[in-house]
Amino acid sequence: MDRTLTLSFSCPDASGIVAAVSSFIADHRGWITEASQHTEHELSRFFMRVEIRADSLSFAPEEFTGRFRPIAERFGMEWRLSDSARPKRVVILCSKQEHCLYDLLSRQVAQDFRFTVPCVISNHETHRRVVEAHGIPFHHVPVDPADKGAAFRRIETICRETHADLVVLARYMQVLDEQACRTLAGKVINIHHSFLPSFAGAKPYHQAHRRGVKLIGATCHFVTPELDEGPIIEQDVIRVDHSDTPEDMVQLGKDIEKVVLARGLRAAVEDRVLLAGNKTVVLR
Amino acid sequence: MDRTLTLSFSCPDASGIVAAVSSFIADHRGWITEASQHTEHELSRFFMRVEIRADSLSFAPEEFTGRFRPIAERFGMEWRLSDSARPKRVVILCSKQEHCLYDLLSRQVAQDFRFTVPCVISNHETHRRVVEAHGIPFHHVPVDPADKGAAFRRIETICRETHADLVVLARYMQVLDEQACRTLAGKVINIHHSFLPSFAGAKPYHQAHRRGVKLIGATCHFVTPELDEGPIIEQDVIRVDHSDTPEDMVQLGKDIEKVVLARGLRAAVEDRVLLAGNKTVVLR
Amino acid sequence: MDRTLTLSFSCPDASGIVAAVSSFIADHRGWITEASQHTEHELSRFFMRVEIRADSLSFAPEEFTGRFRPIAERFGMEWRLSDSARPKRVVILCSKQEHCLYDLLSRQVAQDFRFTVPCVISNHETHRRVVEAHGIPFHHVPVDPADKGAAFRRIETICRETHADLVVLARYMQVLDEQACRTLAGKVINIHHSFLPSFAGAKPYHQAHRRGVKLIGATCHFVTPELDEGPIIEQDVIRVDHSDTPEDMVQLGKDIEKVVLARGLRAAVEDRVLLAGNKTVVLR
Amino acid sequence: MDRTLTLSFSCPDASGIVAAVSSFIADHRGWITEASQHTEHELSRFFMRVEIRADSLSFAPEEFTGRFRPIAERFGMEWRLSDSARPKRVVILCSKQEHCLYDLLSRQVAQDFRFTVPCVISNHETHRRVVEAHGIPFHHVPVDPADKGAAFRRIETICRETHADLVVLARYMQVLDEQACRTLAGKVINIHHSFLPSFAGAKPYHQAHRRGVKLIGATCHFVTPELDEGPIIEQDVIRVDHSDTPEDMVQLGKDIEKVVLARGLRAAVEDRVLLAGNKTVVLR
């Protein structure tokens, strides 16, 4: 695969942004392999993502940031440049359930999208063997109900020391405390096993069963201190019917949980997810 | 199409129900063309639906009720017998939006499932011409905000006089009052333009847009006095993204609203929908 | 709704295209409300679509074509400019089946996307009344098996006289002859009732039933002289199972046929569909 | 979980089958937890599946076969009785691709449906470590292009010795020879990476890309000597667009391949799949 640079940004909407960015790239002979954009009219805010072949540019990839900065400043951009030569580092947190973990391990092996897993952290020993079979360090961090903070501080430390770009809660059955949410703000992606905003909180499949819905869902979202209220990245649903018990729903739901989480993670890893208030813009 | 009798019932779960029903039919040489069943373990209640070719029975279709009654009483069944020779009568209520009305008219023309439309009732004149082009009577029943009850009483009267088996709220923009809900209890099917229980009440697409969901939905349910809380018959969703405004969602949502309503109506017309508390059993 | 101009084009891929187009628009103060692009690497061809608020430009909308031409010529563009003030004219051809026709009439009433229907043409009288109830002229053009050409020549004439931009075969049960395909090339959109390339030709649902597939589909495509081989615009599927007869599939399939046709038509009406060999690029 | 017996059968259609089966069960106090049935009218053949709580019967589970035989013989049934106390044994064959293997391992760990994996066989060493981390034997059986038969004979032997009930080709990249198809007839389940009958044979995603389809699919089917022509058990599709290369499709397709394979396997493991000529009846 060719080395690519990915520029993603948002800024106040204005005339001439695309012209400035595309002229900058064209002037340095950059070959754009993908570009997409969006204007959020309510917020008067513009969002863009551009992928450029690194070897097409007339300057070294390392110079991009410095050369682009004047344009970024002119338009007041919040921006980020990612380099495919430095894949994103994704720390996985899990508990006893296996489906999301196995799915992520499978994708890490396949490298269908590029990321590395510096370690897996769990409050149970359950999956040590399969994780270590991949040469990935496994950290058992039990959560003491009397002092949950200690475990979360340890998790924060591990994430810092492994230079985590993203932290995935792969059906991790503990609610991060406010301090962890703040320390890791913008980096933590959760999979909730309902079609939010329906059935937030505990035992969503049991809630769904009680209401008699005909579809159950899963929601991948950024974690914020407000439980299950963070910006939604991706969602999907699966059909159920009257014959499905809550236990059946738990089983059926796994197939969408893991796929929705993986799609959300992929979008984040590929710098397609930009924040717009409490919502996301997910650029293709 | 052959004439069929459809027996549907629910009763307390017990041993020997299927044996009794199937033996009764077999003993009278009935040819079963479809059968399905369900046990709701939480309620210890059994549900069944059987379709029988009328001409296969050793007695006249009109005798079925009398002959079957002893079995029904033995098991304490709530039961219903429908005869394809007497199609269900479906009164349609609509307002200004066209999509559900046109879809239902199209299905009434096609007779993909058998039903007749004795009349269409609307609080607006908008669709008189297209309805009357089908030879279907159109009743304009305006709703006076100062005396809504008068309109609902008029609707009840029309439904009674036309012997309505079912009343479909095809994006009818008025909330039936409690009296209408009670008078027409078990007969009124509504399409709500959200994936309930998310976004009940007014302007669900605007609510969905604010929350930033990635799918929008529609819910077909029985109407009860508690707004948008009745038993759900059918639901579906459609994908949206950050670029869709609330107005886009209104448009996109139409395609699932009309299909979900039609599927729910079909199930009801074919006696596949049985109540289990505030939920439905929809037998295939 | 605001008046918009939509520029859509494809051209050999090259550096600087986006820069040139976006600078042209920015230099004339154009406000871009939507933009999307695609590079077809195999063909080294670039595709773009831009929507601009007409009143934002520093010149009159009528001047756009003349002013933009030098850029179009520089890059060898195949291009088109559409003006929302002149909605696309869509001629509908149908036979006896009602579902696609009713669906399109419903959308024409709603104007969820802007198009007009100058007339409906059918080889049967079946739907005259409902069409005329909308104030739309209905032309009965029977097809004589001994001289089909005569009917198709008549259809070509009507399309020419009504200035049709697009011609929709809404389950029109006649195969256009080669001359009609050529005369109306690039304008005729068909809905085929299978997931092409499976089950091309006659009675696709019966073919599907014989093979025992678990999903059935519908395909919206441009008509070319090779039956069911034209560029695909849109497809979708619906679940079936062993209990569905070919007749059930015919009924179930209607719900995707009409939606897939409408989505394809919408994309074409909004100038989102560009040809890339025998494939389509459908820009969002 | 309670011990259950599952009776599944097909037989020539006749009056009184359900009555006989349900009376037999009721007479021995059997508690039916699930029942479903289907009549294939074209073949005049009846299909049924019944799940019974083993401890509810008035005789020992081991006696069921002997006691039921007279009924089976009376109606000419092809029938099978499964006992949840003896889970199905599923041998997995894979090559280098990981997604289906990981997905099946994850399900084997979860036991969402009951099956054991006596061994994994592969023509590559790639996945030995992860398989063995589960305590499952891994057999490397390389396929010599000059003598493929030797490998297939070895596979047949392993399947026989491990008492395999089912053999899953989890993206196993070798085509079984005719002898293997016959020896393992009715036991081998494959996942093909297209929506059959479209794109049978090699490189289906490349075929799909060339045709410009808007959805890609996966098909789970029984293996017969005719490549990709066996009875279809399950299918599903996923949306693609013009921007997806064949390589993108390969990646996207994985998510449906693994889910479709797992759903097909589950149906087979739960005795829901019955053959009707070259088609399947999949009873819920």
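Here the chain labels run A, B, C and D in written order, and each chain numbers its own residues starting at 1.
Simple rule for what comes next: a contact is a pair of C-beta atoms (placed from the backbone, for glycine too) under 8 Å apart; a residue touches a chain by one contact, two chains touch by 3 or more.
Quick caveat, the model's predicted, so the values are computed rather than measured.
K.L.:
Chain by chain, through touching neighbours only, how many steps does the shortest route from chain A to chain D take?
P.N.:
The fewest steps needed to get from chain A to chain D is 1.
K.L.:
Just grab the chain with the largest centre-to-centre distance to chain C, centres being mean Cα coordinates.
P.N.:
So the chain farthest away from chain C turns out to be D.
K.L.:
Centroid of chain B to centroid of chain D, CA atoms only: how many Å?
P.N.:
Computed value for the inter-centroid distance: 37 Å.
K.L.:
CA centre of chain C versus CA centre of chain D: separation in Å?
P.N.:
Spacing between the chain centres: roughly 41 Å.
K.L.:
What are the residue numbers in chain C that touch two or more other chains?
P.N.:
Touching at least two other chains: 243, 284.
K.L.:
Please output the residues of chain B touching chain A within their complex, sorted ascending.
P.N.:
38, 40-41, 195-199, 211-215, 217, 231-237, 241-243, 245, 276, 278-282
K.L.:
Which of the residues in chain A end up touching chain C in this complex?
P.N.:
15-16, 18-19, 22-23, 25-27, 29-33, 35-37, 39, 284
K.L.:
Would you tell me which residues of chain D are touching chain A in their complex?
P.N.:
34, 97-99, 102-103, 105-106, 109-110, 112-113, 129-130, 132-134, 243, 251, 254-255, 259, 262, 284
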